[in-house]
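Heads up, the thing below is written out as C-alpha cells.
A, B, C and D are the chain letters, set down in written order, and residue numbers restart from 1 in every chain.
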Amino acid sequence: MICSHGEGKHAVIIDLTDMRIPWAATSAPPDRSWGSRAGVRELALRIGFDMHFDVTGPAPTAFLLMLYAHPDVAPQLDAPERLAVDPALDLETFVDAFGNTCGRLVAPPGPLRVSHAGVFRCAYENEPQPEPSARQHHAGELPTAALPFLLGSRYCEVDRLSAVAWDLFGKLPTGGERVHAINRWVFENVRFGYRLTRPNKTALDTYVERTGVCRDMMHLAITFCRAMNIPARYVFGYLPDMDVPVDPNPMDFAAWMEVYLGDRWWTFDPRNNVRRKGRILIGRGRDASDVAMVTSFGGPALQTMSVIAEEIPA
Amino acid sequence: MICSHGEGKHAVIIDLTDMRIPWAATSAPPDRSWGSRAGVRELALRIGFDMHFDVTGPAPTAFLLMLYAHPDVAPQLDAPERLAVDPALDLETFVDAFGNTCGRLVAPPGPLRVSHAGVFRCAYENEPQPEPSARQHHAGELPTAALPFLLGSRYCEVDRLSAVAWDLFGKLPTGGERVHAINRWVFENVRFGYRLTRPNKTALDTYVERTGVCRDMMHLAITFCRAMNIPARYVFGYLPDMDVPVDPNPMDFAAWMEVYLGDRWWTFDPRNNVRRKGRILIGRGRDASDVAMVTSFGGPALQTMSVIAEEIPA
Amino acid sequence: MICSHGEGKHAVIIDLTDMRIPWAATSAPPDRSWGSRAGVRELALRIGFDMHFDVTGPAPTAFLLMLYAHPDVAPQLDAPERLAVDPALDLETFVDAFGNTCGRLVAPPGPLRVSHAGVFRCAYENEPQPEPSARQHHAGELPTAALPFLLGSRYCEVDRLSAVAWDLFGKLPTGGERVHAINRWVFENVRFGYRLTRPNKTALDTYVERTGVCRDMMHLAITFCRAMNIPARYVFGYLPDMDVPVDPNPMDFAAWMEVYLGDRWWTFDPRNNVRRKGRILIGRGRDASDVAMVTSFGGPALQTMSVIAEEIPA
Amino acid sequence: MICSHGEGKHAVIIDLTDMRIPWAATSAPPDRSWGSRAGVRELALRIGFDMHFDVTGPAPTAFLLMLYAHPDVAPQLDAPERLAVDPALDLETFVDAFGNTCGRLVAPPGPLRVSHAGVFRCAYENEPQPEPSARQHHAGELPTAALPFLLGSRYCEVDRLSAVAWDLFGKLPTGGERVHAINRWVFENVRFGYRLTRPNKTALDTYVERTGVCRDMMHLAITFCRAMNIPARYVFGYLPDMDVPVDPNPMDFAAWMEVYLGDRWWTFDPRNNVRRKGRILIGRGRDASDVAMVTSFGGPALQTMSVIAEEIPA
C-alpha cells in the first residue's frame, strides 16, 4: 500500500542508528544450513523493484520506504541492499517499531525513481508448516513480544468477529488444527479479485463480503486466529512463482501472515493455501496499517511499479 | 483504558533489556534548572495509584502495564519506580515501540493488587505554550520521529476529517495560531461528560456528536492538527489539580496531547484549555490504542482504582 | 420506540380519511370462528396503556402516535378505540403507508397524558405455525404486497448478511424448515438484555454482538429470512403473559415478526420461540424505523409509561 | 438506481386498484394555466426511455418498475403512459406508499426490453423558487403528510449531521434564506463525479468526502434541511437540458429535492443550482431507498439504458 499525505519544504539530515525492538525479538535466526541437508539444493533468486513517482510541488516531499529485506533474512542477500535513487538524494535508514528496516528521503518536485536489484539465496524446499497437533500457548506463557498480536488492531476487529470465530472453529482441537482450518476457510470462502478491495476494508467487511485481495484475506485470517487466542501478525514481501502455475498478472509484492504455535512463528498463506518456496520477508506488523511500503508526505503519484522475484537459472 | 483479552496458563520469564526507539528520540531532556531561575520554586508531588483486580481462572492471566513515569521524566522522581504487586509476582519491564516503560506479569486466579507511591519534583510554573507565530514545518524538514504523527491512526481518521479541518481552520495563519484555534474549538464545542464515550468512539464520532471524555477530545484535536500537516501525538499521565478549581470527581489519569511546532513538541490540553503545573507523562502514542494503561489477556475485572497526584505541603 | 425531533408552533386541523394501501392487502380477515370450534373457548383481554409526557416549550409540539389496534384485528375489540388525551386536544387519525392506524395531535407546553383501556377478544389457543414443509414462493409468484419485504431496509442489511445466512441455513430444505431454523438460531444465539441495545443497532451488529432486545432479534431473523428470499416483516403490539412463566419486568409492548410461506403470513417470535396466545397487532412495517409508537417533533420527554394486556377472569 | 434481489418462478396476476395515500396528499394540482399567462408559451417535450435486460434463469424474475410520470403531473402527458414490454408480458400497475405509480411484471429467462415514448406539455418558464423570506413552519402547523420528511431516513442521518448543520446555517434567518444557503453550500462544496459514489454512501459520507453524484448531493441537502426542522423530500425524474450548456454525457434520469416552506413544496436542485424548465417528476420518497427505478427480484443485468427528454421543435 502506498500512502501519501501532507507537503514538504526542504530536506533535513537525520542520523538514526540501527536498533532492534522487543516485538521482533523472537524471530528465528536465518537458516543457512541447506547445503548440509541431504537432497536440498540452494535456490538463488533475482529480486528487485522499480518505482517511478512524479513529485508534485511546490515544496519537497518526504518519503518513508519499507522496501528492504527484513533484518531476519537480510543475511541471505548476496550484498547489503542499497536502493538506487534518481535523482541522487540522501537516503537515511532506520529500524521501525516492529523491527523493519525503513528508508527516508526528501524529494524535490519532479520525477523520482527508486529501484533495486539483488540476489537472495535460500533452500529450494517448501516452507515448513506446523503439525495439526502443534501446541497453542496460553497468554501467560507467551513471550511478551507475541502479546500485541493477540489484540485487535485497525483492520482486525477481534471483538466484533469473536462470536463468529468461535462458531466456525470453536469445536476443533486447539493449536495447529484450528490454524489450518482458519487458513482453509479463508482460502475457500473469500474470492480473490484485484478490484474487490478498498482502503478502509476491514476483516469484518471481508467476512460479510467474501471478497478481497491478499491483504483482506490476511486480515480476516489474522482476526480469526487472535479471536481464538492465537498470536497472528501481518507480513509482506516477495513471493516468487516457484513450482506453481504461472500467474498471468504482473508480479506485485504479496502479503501473508505468521502465527505463533509451539514456541515459534510459522508462515501461513490463506490466499494460496499451498506451501511455497522462496518467500522473502520485507515488513511485519499488526496489520497493513503498520507496514506501508511507501508513505509520502505530499501528493506525489506513483506512476509505475514493477517487481521481480525469479529463480536465476543455474 | 483497561483492555482485557484471552486467557493464560503459566508464567514464563522474559529477559528484555531496556532500549530506546527512534520515535521517541526527539524529546527534550528533563529540565532540572528551576532552582537557578529567579522566582521559580520547586513543586514536590506525591503521586501514585492503587488497583485491585479479581483474576478469574482457571488459567493464569498475563498483564501488560503502562503505569511508569515515562523515561523522559523519570529522572525527576525521588527514586526509581518499583510497583508493588500483591501477591508477590515476577514483574518484568521493557520499553515499547513508542519509548514507554511497560511492565508484564502473569497472575494466578484470585485477587491481584498493583500499587505505587512516589515523589516527583518539577518547577512550580505553568507549562510553556508556543507563540501564535510558532513555525509550522513542512514534512520534508521534520525529524523522522515526527512523521508517523502526521498520519491517520485507529481513532484519528485524518482523511475523513480533512475537509472539515480546512473549512474550520484553513483561513488562519499556519503554525501556532492554527493550533491554538484547534485547541480552543475543541474546548468550546465538545461537551465533556464521563458517560459520553464508548470504546470505539473515533474523532469523527466526536466531531458529529460534540460530546466525549478527554480521550475523545484529544482524538479530535489531534486529527485536526494532522489534517493541517502538523504532527500531533496522544499522551496520558498524572494531572494534579494545581491552582485550578477543585474537581469534585475522584482523581483519574488524564489524557492530553503534544504538537510539533518550531522544532519541538508542546503540550496542549483542549479538555481544560489552560496552562497547568505538574503534569507527569506516563504514555505516549499515536492515539489511545497505543497507550493502554492495563492490558489483561484474560477476563479479570478491575475492581477499584484510585489515583493521587498532589502537592506535598512544605 | 419513541422518536422525538424538532419543534412546533400551533395546531392545524387535518382531515384524513381512512384508506388502505396495497402492502397490507394480503392479510387474512380476522378470525371470529372460535366459538364454533370444538374445545376452543374465548379469551377476553383487558388491554391499554398510560403515557405521561412533559412537553417542553416554548412552541407546541406535534406528535404521531401508533398505538391503535391494527385494522386487521380492530374488529375483535369490544368498542372502537378512542385514546384519552389530557389536556383535551384534537386527535386526528389516519392510516399510514403500511396500513397502520395512526393518530396526530399538537400539544402545548406542559404535561401531556395519553392513555387507553379496552377489551379484546380472541380464541384461547396457541397461534398457528407453519409445517416444516410449508412452501416457499419464488418472487415471481409472490403478491406485490409481499415484495418490499424481500429487500434490505434501514436496520436489515440483507446484502451484508447474505453470505452468513447461506452458510448457516443454505443446506436446509427451503420453506418452513428454514424459517423454523432461523427462528431457533436467533433464539439460541442472541442473548436478551434490556440494556444491550442502542438506537442505531442493526441486524449485522446483532449478529456480531449476539445480544439485544426483541427489536434487535427480529431485525436479525428478518434479515436472514429475506436473504433466503422469504418475505419477512416487523410487527409490534401487545403480548400478554398467557400460560408462560411470569416475567418479573414491567410489561411493555413487544416486537415479533411475520413471514410469508404457503400463500399466507405467519407469526414467528425468535425472542420467545414458543407459540403464544393473545398477541394483538398494533404496527407493521419493514423494520422498527417504520413503526415508531410515538414520534414527537420537539423535545418532550416521556416521563412514565405503563402497558397492560391480561386475561379478564371469567 | 437499479436494485436486484432473489429469484422468481412463475407469474401471478395481481389485481391492485389505484389508490392514493396521505403522504402525497398536499401536492399542488397540475398547473395548466400557462396558455392564459402573458408571454408564456407551451413547452412540448418528447420523453421516454429504453431499457434492455438479460434475465438470467432458471426461474422467472419479478420486477418492480418506477418509471411512470407521477400522478401529480401525469395529466400533462398527451396520452396515458403504457410501457412497451418485449416479450409481451402482463404489466400490473399500482400506487405505492408515497403516491408513486409503479408497475410489476414477471419475466422469464432471456432478453427483456422495457421502453416508452411520450409527449409532455408544460409552461416554457423557469420553475418557481421561494423568496428568501419564505416562511418556515413549526412542526405543529405542518400538514401530517409533511411530518415524515422531518425525520432521519436510511441515507439521511439527521441526528449525526445536526451539529454541523447548525454550525453552518444556524445564524441565518429561518425559512427561505436558510434553504437557499443550504442549496448553495452543497452546490459549491460537493464535487460532482459519476464514479464518486457507492450504493451505501450516506449524507454524512458525502459531507466528509465532498464528492458524489446528484443522489448524494440531495441526501446531504435534505439532511441539512431536516436538521433545521424544514421538511425535505427526495425526488427523481426527467430533466431536459433546456437553456443550459449541453451536457456531453449521455442523458440519464436526475434526482432533485422538494422543500416545504410557506404552505407548499418547492423544487430545489443543489446539483445544478439554477432554475430549470421542464422537470418531469417520476418518483418521490424520503430518500433514494424509497424510489428505486427498477427493482428486480433475481439476478438480471441491465444491459443498456437510454433516456430522452427534449423539446419537440415547433
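As a working rule, a residue touches a chain if its C-beta (ideal position, glycine included) is under 8 Å from a C-beta of that chain, and two chains touch if they have at least 3 such contacts.
Being a predicted model, the structure only gives us computed values, none of them experimental.
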| item | value |
| --- | --- |
| Given subunit A and subunit C, the chains that contact each of them | none |
| Centroid comparison with subunit D (C-alpha atoms), farthest chain | B |
| Interchain centroid distance [CA atoms averaged], subunit B/subunit D, Å | 51 |
| Distance between chain centroids, defined by C-alpha means - subunit A, subunit D (Å) | 48 |
| Rounded Å distance between subunit C and subunit D, as computed from the means of their C-alpha atoms | 30 |
| Topology of the chain contact graph, where touching chains are joined (line, ring, star, complete, other) | ring |
| Chain-chain contacts as defined at top | A-B, A-C, B-D, C-D |
| Interfacial residue positions of subunit D with respect to subunit C in the complex | 3, 5-12, 14, 16, 19-23, 25, 59-62, 64, 92, 94-98, 104, 106, 137-144, 147, 150-151, 153-154, 158, 229, 289, 295, 297-298 |
| In the complex with subunit B, residue positions of subunit D that touch it | 160-161, 163-164, 189, 204, 208-210 |
